[in-house]
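Scroll down for the structure; my scribbles are underneath it.
Each chain carries a letter (A, B, C and D) given by its place in the written order, and its residues are counted from 1.
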Amino acid sequence: MFTSVRFQSEKDISGCAISGIMSESGKCFNGEQIIRSIANMHDRSNGLGGGFAGYGIYPDHADQYALHVMYETSEAKRAAEAVVCEQCDIHADEPIPTRALEQIRNRPILHRYFITVKPDYLGQHYDLTPDDVVVELVMKINSSTDGAFVFSSGKNMGIFKGVGYPEEIGRFFRIDEYDAYIWTAHGRFPTNTTGWWGGAHPFGLLDWSVVHNGEISSYGRNRLFLMNFGYKCTLQTDTEVITYIFDLLMRKHKLPLHAACVAMAPPFWSEIERMGPREQEVARTLRMVYGGALLNGPFSVLVGNADGMIGFNDRIKLRPMCAARKLDMVYIASEEAAIRVLCDDPDDLWHARGGVPIVARLKKPVHGSPAPRPGRLTQ
Amino acid sequence: MAGRKWLLEPDFLVERDPDRCIQCQVCVRQCANDVHSYDADEEVVRSDSSTCVGCHRCATLCPTGAVSIRRAQLEFRPHGSWTAHALRSIYKQAETGGVLLAAMGTDRTHTVTWDHVLLNASQVTNPSIDPLREPMELLTHLGRKPDRVEFHKGDARKVVTKLEPQLALQVPVMFSAMSYGSISYNASLALAQAAKEAGTFANSGEGGLHQDFRKFGGSMIVQVASGRFGVDVDYLNTCAAVEIKIGQGAKPGIGGHLPGQKVDAAISATRMIPEGTDALSPAPHHDIYSIEDLSQLIYAIKEATTYTKPVSVKIAAVHNISAIASGTVRAGADIVVIDGYRGGTGAAPTVIRDNVGIPIEFAIAAVDSRLRQEGIRHQASLIAAGGIRSSADVVKAIALGADAVYIGSAALVAMGCHLCQKCYTGKCNWGIATQDPYLTRRLNPDIARRRLVNLLQGWALEIKEMMGGMGINAIESLRGNREHLRGVGLSDRELTILGIKAAGE
Amino acid sequence: MSDCPYLIIGNSAAAMGAVAGIREFDRDKPVTLIARESEHAYSRPLISYLLAGKVDEKRMHYRPADFYARNGVRALLGLEVTRIDAQARSVSTADGQTFTFKNLLIATGGRPIVPTDLPGTQARGVFTFTTWEDARNIRAYINETGVKKAVVVGGGLIGLKSVEALKTLGIETTVVELADRILSSTFDQTASNLASAFLKKAGVEVRCGTTVSAIETSDNRVTGVRLRDGSRRGADLLIFAIGVAPDTRLARDSGIAVELGILTDDAMQTSVKGIYAAGDVVQTTDLLSGAKRPIPILPNACRQGYVAGVNMTGKKLAFHGGIAMNAVDICGLPTISVGITDPGTEGYEIKSKVDAEGGTYRKIVLKDNRVVGAIFVGQIDRAGIFTGLIKDKVDVSALKDLLLGEEFGVLSLPAEYRKHVVSGQGIEV
Amino acid sequence: MKRIVAREEFCIGCRLCEVHCLVQHSKSRKIIKAFRDEREKVVPGIKVESSGHVSFALQCRHCGEAPCIEACMTGAMARDPETGVVLSDPDKCVGCWMCIMVCPVGAVARGANQQVASKCDLCIGVATPVCVANCPNEAIVLEEDDE
């Protein structure tokens, strides 16, 4: 591993396409839809990366962490598995099913594991939750095991990604054979690297998955902010940073979703001054404490977790984002066309406002989430 | 016994263009060093270069541009080791037998690292932001931040966390500690007024706070230094924040000394010492011999101010600054000020000024990194001080990890200071570092205030331009954002310490 | 018969001041002005300059040509008032007109004194010198007869200004002064000596302590004078400048109270309501001595006229008195004298500095730590500061030592008073 | 009208006001030429008085009830009806020095040729009087009088 920050690989800079579909009632639907949507924005990608995240795809292993790991070598695979086994029990594992595709080359070894944390380990480390242990595990493998990279670690969800156009990656990973209640997808247009499989999106940690279009000019600041809270940003990507910030704010600091969004894309001070006293106190406090979480620069981001999907833009909306709903289906995508290709008569369709999140939530939460709230879209 | 001073040649050469001089004698009336004189018999103004300090007062006010000041042209035989500076220092010392004094920041030519760090701008992949059309936020809050924000369990719209007192800065630039005594009443007044007008803070320095300035308390930080001059509970409570001064970048490990002849009635009342007595600031605080003592003083001040004001600790950038800063944060400081090697002073032994401490660029980067590694960076705000000359320096300092900066010399220069480095003589021709009523009236505080506010306003606009170029519209996204810095002409080691990449990387 | 809301007799400084005073508060009602002389308002002191040829007739005018029109003044010039009827509130003129008035201002000024018991004063070549007409007549006489020598009787201001004019015209001139020195009423011995020396240097013969005992004439034309000491001076021209007396005839005849001059109150109103007087015709309070006497100087006349004018409109303004002062430039020697310049009695403190060679003199007279008089000869710069100190009765005990200094100025004044003098309407320090 | 306010506490006694006044009222209005060739022909309308560290610049106050106007026998000293500025007309002045006698601040001087009175004209025709414009410490400031 490189020891000095400055010698780490280049920070990823890319422009992209993103799309997400969700059934608020939690009905699972086939991955074919998300492939069609992202394929519709083919020109926003350049063949150097594509990926998908699906929620509800592993109902048989719903209580186990599904680790998706890519390996460069079988030695790496053995080394990583040894690390996993130190703290976790592997209940099942198998190669991730793929389809041979002419366009997809240089594929790594792709393997998935369904794991739980060993009760003994938790007994010893009573200050840690199983989530903490899995996060540590992922950080450890990704930062210190050469040739191994965990790219998905949530329960009952999975991330599939690689180098290629997103629709090719979809076919390669046989996305059309999975059913999920949330699908997000990403098509990548990196502007400065040749793209590697791990660097494709979505980026995930536990059940967080993030797809993102943009370039965060506050990246250096955000990375140092996370460093203050023990996060190691190894990938040099904006997506990684966004994921960790979500993880920090919502999982570790237990901020409500709206507060996390305010922290990441806060209102301008001039707007805060015009707020009512209570709202102002919230915004003021969040801005002052979480200045390091502010995401600056152009971005549109789609964040998924087991409970729902959040789309939001930078404060001054420098990247496109469009949303629509039809009955209990919610669509969020970079372009309107990517929604209309699936749903040409939406009940409602609108473009996101800068800094204002679009939230889609499960009417019945799947597991471990806060008390159910009326599912609604906020604009 | 004083010997003849025949070994010291003039530092400057005063040249008078006889074709332009109109014998108006403005120069004669403006030089406190008696360089110019009027020969009534011959009806001609003459100049004697030997006492010229190069302050340019005469040249600036000369209505015809007849006066010019040049470096003395007398050259020593070139010598790589025995430079003119080295020789002159010895001549001077051999004559006086004392410690050589200097003022302002060091004039040694060590690398100014600011000038080896370049800023980034957006192209194609990321739009730059036009600060004239889009909001561009510089508002900065200094003070301790909680580990996290806690929301009410039953009401997700209600925050439980209460913030500790914070200083709100409209522009992330404050005026450094400069005491009334080291600078004139008018200069102090202008700084306080300008801070108020620009929405930032001025610092009383260690000389107490004149009653007249207490109305600016909301825009003032008051210092508690080793001499404890002018410190009482009213003093502490009249201000926006209290700063414990441990050290000063220009003279780490050295105390201060305001000669008795400068301690007039007003300064005596402000400092709470008898008129005409020397105001001696000991080198250390004699109640702080270790870190836990500092903590006690911090909390004593917090008690005295009922926890309504942030407490700042100013330390000079010395070799193990990261560890000291870390300890200071853990001791309870809400704000830590790091004053770098090039920081200014009204008077310091030259040898100290020129040889002790480390530059602020490295100190601030090292401290920021260290505090983040320890996970305590949010517990205190970090102020960079000592040698900030421009808005670009401000941006670089913030990108290296500072929350805001202090400017001292730059503020003085805005008021007219020409960096002649003779503050300690009390003969400041610009009316700044003097108490001589003949000289202090030269600084009209209205003008000085306006110029200070202009400087801050100009810098703020430039900072916004630079931020906009980087695609950043809030200053908090610049803070510690070393991704936007690149080094040129720096060694690998220096780049590593600064945490920045080389240009091209 | 003509009915006048404002009627003014006279056309000089007091009259002009009155017009300004009236027009400050009443821009509507007509002002009627009757004057014996037929000239547009002119500056009396300028006649010596006119005579000398230093100013031409155009520059004699004290006010612009459109002054009357612009101020709504009906000016009846060259018309002599013969009688004031205080009861009927009317004025009769030589041409038989009668003007009734609501407010009347008597500004008839002064009348030159001519010795009454000296034969020959009616001869040609003998003049007084107080009017434009006098100047014209003298000039005409000089041109006509080619005057070579002149004698001026009287070494006061008018006398010396006429001497200056005559010298300018190249006429050999002797000034004869009854007192032991010239300018005896405004100067002290030292100043008089300096002035005498200066005049002598300029080629003027100065004879003091004597006067003309006889006028020699030939063909009813003056040819010379005999002095009381028995000596004789040939003279083609003889000017009497031995003083001016208030011209109180009209007032006296109408029963208005008169002493040396017309008596008035602070509002410049005479003993008859609605009848005012101002200028050289009145006697006023000498602010320094408290005595009532004529102080015939231009600033007083102007001010008194202004005050009278304001009061004639029904507004209130007071004139509390004046201070004798004069500035005169004699053949290039500038001099200023203010207040009590040569106190004969005890209780005064004198500060003085003389430079006989350089021809400069500065004298400050103090009483009870206050400046009451000053003389400046040769070097007169900033003398007005002393005038101010005298007027405002400022305690100068702290700055006595500075009074004679070259650098004495506003900065030397007590701080409070300094603020007072440099402030005032539209001004602040 | 405009009024000039002198701020004694900020006067630094440099006398640049006098220098620039002289230049402004010189024939050439070129500083070096004005001092070299015309110096004796102009008397500045402003005067700096100094005593120890205290100094201030004083020029005609353009008094509301100006004693110099009342004292002037020729009408040379008059108030400009439009601007309210008290001006001395050199063509009318005969040099009797009555104005010098009555000015309580000593702001009228004998002109350079000792023939006519000379005083501040508030730099008629110039937006800001040169003494105000050139005072390096804003010790002489021009204010617009609302009255």
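FYI, a contact is a pair of C-beta atoms (placed from the backbone, for glycine too) under 8 Å apart; a residue touches a chain by one contact, two chains touch by 3 or more.
Given the structure is predicted, the values throughout are model-derived calculations rather than measurements.
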Chain nearest the global centroid, as defined over all protein CA atoms shown: B
Chain centre separation (subunit A, subunit C; CA means) in Å: 105
CA centroid of subunit C to CA centroid of subunit D, Å: 28
Subunit A and subunit B: spacing of chain centres that average the CA atoms, whole Å: 46
Between subunit D and subunit B, distance of the C-alpha-averaged centres to the nearest whole Å: 43
For subunit A, residues contacting two or more additional chains: none
Touching chain combinations (by label order): A-B, B-D, C-D
Parts of subunit C lying in touch with subunit D, wherever the complex brings them together: 13, 17, 43-46, 49, 54-55, 59, 61-64, 298-299, 302-303, 306, 325-329, 332, 334, 336, 338, 380-385, 387-388, 391, 407, 409-412, 421-422, 424-429
Residues of subunit D that touch subunit C when the two form their complex: 1, 3-8, 47, 49-51, 54-56, 58, 61-65, 67, 70-71, 73-75, 84, 91-92, 94-106, 108-110, 114, 145, 147
Complex interface listing, subunit B residues touching subunit D: 19-20, 22-26, 29-30, 60-61, 63-64, 431, 436-438, 441-444, 446-447
Of all residues in subunit B, those that touch subunit A in their complex: 122, 124-127, 129, 134-135, 137, 139, 141, 145-146, 148-151, 156-159, 161, 163, 166, 368, 371-373, 375-378, 399, 401, 470-474, 476-484, 495-496, 499-501, 505
Interfacial residue positions of subunit A with respect to subunit B in the complex: 4-6, 11, 13-15, 191, 214-215, 217-225, 227-230, 252-256, 258-259, 263, 266, 268-270, 278-279, 281-282, 285-292, 294-298, 315-316, 318
